[in-house]
Amino acid sequence: MRLRHLLVAAPLLVTAAVTPLVAGGSPAQEGQDGEGQSEDELLAVGRELYLTGCASCHGENGEGVNGPDGDLRGPSLVEAGEAGAYYYLSTGRMPLANPEEQPVRKPPAYAPDEIDALVAYVASLGDGPELPDVDVEGADLANGGLIYRANCQACHSASGSGGALSYGRAAPGLADATPTQVGAAVRIGPGQMPVFGPDIISDEELDDLAAYVEYLKDPEDPGGVPIGRTGPIPEGFVAWLVGMTALLALVAWIGTRSPIRPRRRPERVPARHE
Amino acid sequence: MARDPSRLLTHRLARWVDSRLGTARFARTALNKVFPDHWSFMIGELGLYCFIVLVLTGVYLTFFFDPSQQLVTYDGSYGPLRGVEMTAAYRSALELSFDVRAGLVMRQIHHWAALLFLASVAVHLARVFFTGAFRRPREINWIVGCTLLILALLNGLFGYSLLDDQLSGTGLRIVYSVTLSIPVVGTWLASLFFGGEFPGPDIIERLYVIHILLIPAAIAVLLAVHLAIIVRHKHTQFAGPGRRNDNVVGERLWPTYAAKALGLFFLTSATLAFLGGVFQINPIWIYGPFDPAEVSAASQPDWYMGWLDGALRIMPGWEIRAFGFEIPNPFFPGVLLAGITFLLLYAWPFLEARVTGDHAEHHVLDRPRQRPVRTALGTATISFYTVLFLGGAADVMAATFGLSVNAILWTFRFLILLLPPIVAWITYRLCKELAARDGVPIASRVTWREIPGRLRRRHVAADAD
Amino acid sequence: MSDAPRPGEGESVLTRRGVRVELASAASFVVATLASIALAVVYWQGGEPQAEGVLLALALGGIGVGIVLWAKHFMPDDEVTEEREPLVSSEEDVAAFTADFAAGQSSLTSRRVLVATAGGACAALGVAVLFPIRSLGPRPGRGLKETPYRNAPIRVVTNEGEALRPEDLPVDGFVTVWPEGHTDAADASTLLIHFRDSQDFQPAPGREDWTVENIVAYSKLCTHVGCPVGLYQAELGLLLCPCHQSTFDVLEHARPIFGPAARSLPQLPLGTDAQGYLIATADFSGPVGPGFWDRDR
């Protein structure tokens, strides 16, 4: 699917590669030159990409498509907004080959500027959430930790390594999530994730939260090898596989006879004197 | 002659002590005590040395830990928790970890030692079981040993719960609720132990007293009894050339056995020190302070409690309700299973003696293959508890391997019933095969000439003194 | 008795291999010495956990290896036999003990009046000294069956004390709330969930007006062993407890559909006050948290 995309979008790529930021901001566009492109052009590019890669499951105008047996093949994108489109496209979860499976993080199928175009287009379909402007500079890490532990750790675990959900689904680990992706996910609630609106987690708190998620990627590990930071299970494995193996090996070494000294005949020890 | 001065000194010292305590004869006997030297007899020692390390590091920790549940605001050196409200207990644990020099390595050595203490006890228990070392006259020592196991388990649980972090606090919540589930008296027991409804204002301080004083004292006393009984009975030994039921063949305590024991102590401590410095354990700063309204995914107790946690997960949602009363679900996998486990453990020597009709003194050990039934029951039991342990890790298994946690738990529900009989059967056949191949006699048909109610007395010719 | 020369005494000639072993043992002790010095330096310089652990391990391990090599290769390891004396005393000895004990005991048990009154006194004292245990905790009374929501109608507030309007919680929204003024009440943590129109919500009989604009409230405490049920799976409409995987159906009065929980999560009846903030109109539909003996009484 990716190859086909590139072949079709190649001429558009050349044009898109010199497109500047669209109003509304998307950090994926850092480092590009500032040549202007009108919003209409961006939307046009986005629509082209959309029709090629997304319409088969999400409908010509993002209205959603039901399969022949009535099951949802692709949900409506009318309320996805910038945040929804950005999240799914930048984490590579969309395009999704098999709608039955839980989407997982993959290398994105689209280049950053293509993502911008698609984001702009999907946002234009309705009034879904904006892409939050997440800035982790100078954020309050301690407050972020409080918010994280109150809202996120139940699914994503205290160390951000993810966790099991029902029936084979899983809350993903957060090691690869950028602050903007964190912000987008919090606002749209992808998949099974609930939605945390601005009245529950304000935009300032979102900055703090994203900063804490960044921290969890490389926290202080003063104790040594972190073995996952997930607690007693890896610790139990280390205790048995490293600790107990070592101790039993030592015991076996100590208990075996020395080959240097030949064993003498058994010598009798007198019984206890009373 | 170079030896003389030190010998003279030893002689003078021995005479000084003996003239006050009369110990010379006893000391001489002690020096010459014979210990059979099979390596598997040193596994219990591992537990002893882990306990010593626990006490030494534990005392150090008590100088810094504050068991108070008073709420304070953290202002220490760990940035991501600065300004956060927490109990004084949790704060003192953070200070130990970040601000007390060598505090973190002491804390980690202490925790690794606890995990290995229980692992050593478990392996030692298996060795004693599979070699039949619990038979007469060692039933009392078996009971002492089982009690040591329970005390160690409890002390570990209470120990890591002192830190009042999110993970261990969740564990305490479960302890509270399982206590609550006991019929008739559960609500009273929970309220008296915790000082009210969960979490209660007193639990950390109470656990502190239990953890640093009551249980360690009990363990120390029982360990002394355990060792004294071994000395009284002399250690068991495997069958071999020159080894009979009425002698013990091995090496003398002094100097070799004592040196080896001392060496093992140093090496055990070295292993624990290595683990404590190199492998991070219980990173409480990531878990955060305990909040009864919060919980993390992948919440497990320390490994030795995993069987109870797994039992709670695998148990289907059944309860008993009648006449307005109920026996809630957690009672069965929590209280009843634990009760039956330890009851069977305590009773095993007596059960086996009754079933086999073997009430004789045994100082020669069995090889597991000589006792197919006992060995099969033992491995089946291990497989049962292994399934429980795995059940406790079901959500982590699901997340790691991309499986459905529901399917895993359903599988374990069937496995817990099907696996033990299969393992028992395989073990039984294996023992029979191995015994037949080695020409080792199966001991279950041994008969002893016995006067009912009395033991056959054995006369041993003592050396003329 | 014979004092046969002990093996090893005065022995000073070693084989080549013996020399190597002695060298290894000595080297271990030297390593331990150096490690101890380094450990002291590390500590003095401010400490560092990994260095402390490894150096301590080398110091202890060096001594241990040195001692073990010494014991294994240079200490006597001849096989010695010790006789086991009969453990069991003779019948005469046991009988003599029984006789002595019984003789003393008869003077105790023959005075019936004294035995009875002494027994009564000891029993009474034994019972009396148990009474201080009662001070360890309060009577488990109504507390287990009530929460601060009994002061209803009362607003529900977040952890920071902020009241919520229905529009503050978007669709698929999920937040933990408490009764106003009781945000530290461990038994009152409550989940507010905004389910979707497309999800088929079926209220329990008599609870048809317990929701406000598709927002439903359940106790956060799992009815299994009381962990907070922190995982909300928005598409499935399921609450999953991370402790033991009890799963509750949000659309059907949070009844358990998988796992060890045997009871639904108690539901909190919601309403709105004059200013439009969400309130609880009564306490939960049942005692919150795990079960206990007289929960239904």
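Annotations for the structure displayed:
Going in written order, the chains are labelled A, B and C, and every chain counts its residues from 1.
Quick note on the criterion: contacts are C-beta pairs under 8 Å (C-beta built on N, C-alpha and C of every residue); 3 or more make two chains touch, one makes a residue touch a chain.
No experiment lies behind these values; they were computed from the predicted model shown.
Here the chain at the heart of the structure, going by C-alpha means, is C. Pairs B-C and A-C differ in how many C-beta pairs touch across them, and the larger number is found at B-C.
For subunit B, the chain with the farthest CA centroid is A.
Mean C-alpha position of subunit A lies 40 Å from that of subunit B.
Inter-chain centre distance (subunit B to subunit C, centres taken as mean C-alpha positions): 16 Å. Averaging Cα coordinates per chain places subunit A and subunit C 32 Å apart.
Of all residues in subunit C, those that touch two or more other chains are 1, 49-50, 53, 68, 71-72, 77-83, 85, 159, 176, 228, 230-231, 242, 247, 258. Shared contact sites, meaning residues of subunit A that touch two or more other chains, fall at 150, 153-155, 163, 165-167, 171, 222-224, 254, 257, 266, 268-272.
Across the assembly, subunit B contributes residues 32, 34, 104, 108, 242, 249, 252, 260, 263-264, 267, 271, 275, 277-278, 294-299, 394-395, 405-406, 460, 462-463, 465 that each touch 2 or more other chains.
Across the complex, subunit A is touched by residues 25, 28-29, 32, 34, 37-43, 46, 78-84, 97-98, 104, 108, 112, 115-116, 119-120, 123, 166-167, 242, 249, 252, 260, 263-264, 267-268, 271-272, 275, 277-283, 285-288, 291, 294-303, 306, 393-396, 398-399, 402-407, 460, 462-463, 465 of subunit B. Contact residues of subunit A toward subunit C in the complex are 150, 153-155, 163, 165-167, 169, 171, 189, 191-197, 199-200, 222-224, 253-254, 257-258, 260-261, 263-272. The residues of subunit C lying in touch with subunit A in their complex are 1, 4, 7, 15, 17-18, 21, 49-50, 53, 68, 71-73, 77-83, 85, 158-159, 164, 168-176, 193-194, 228, 230-236, 238, 240, 242, 247, 258. Per the touch definition, subunit C reaches subunit B in the complex via residues 1, 43, 46-47, 49-54, 56-61, 63-68, 70-72, 75-88, 90-91, 133-134, 136-140, 143-144, 159, 176, 186-187, 189, 220, 224-228, 230-231, 242-247, 256, 258-263, 289-297. By the touch criterion given at the top, residues 32-34, 101-102, 104-105, 108-109, 137, 170, 173-174, 176-178, 180-184, 186-188, 190-200, 233-234, 242, 245-252, 255-256, 259-260, 262-267, 269-271, 273-278, 292-299, 309, 312-313, 315-319, 321, 324-330, 333-334, 361, 363, 394-395, 405-406, 409, 454-455, 457-460, 462-463, 465 of subunit B touch subunit C in their complex.
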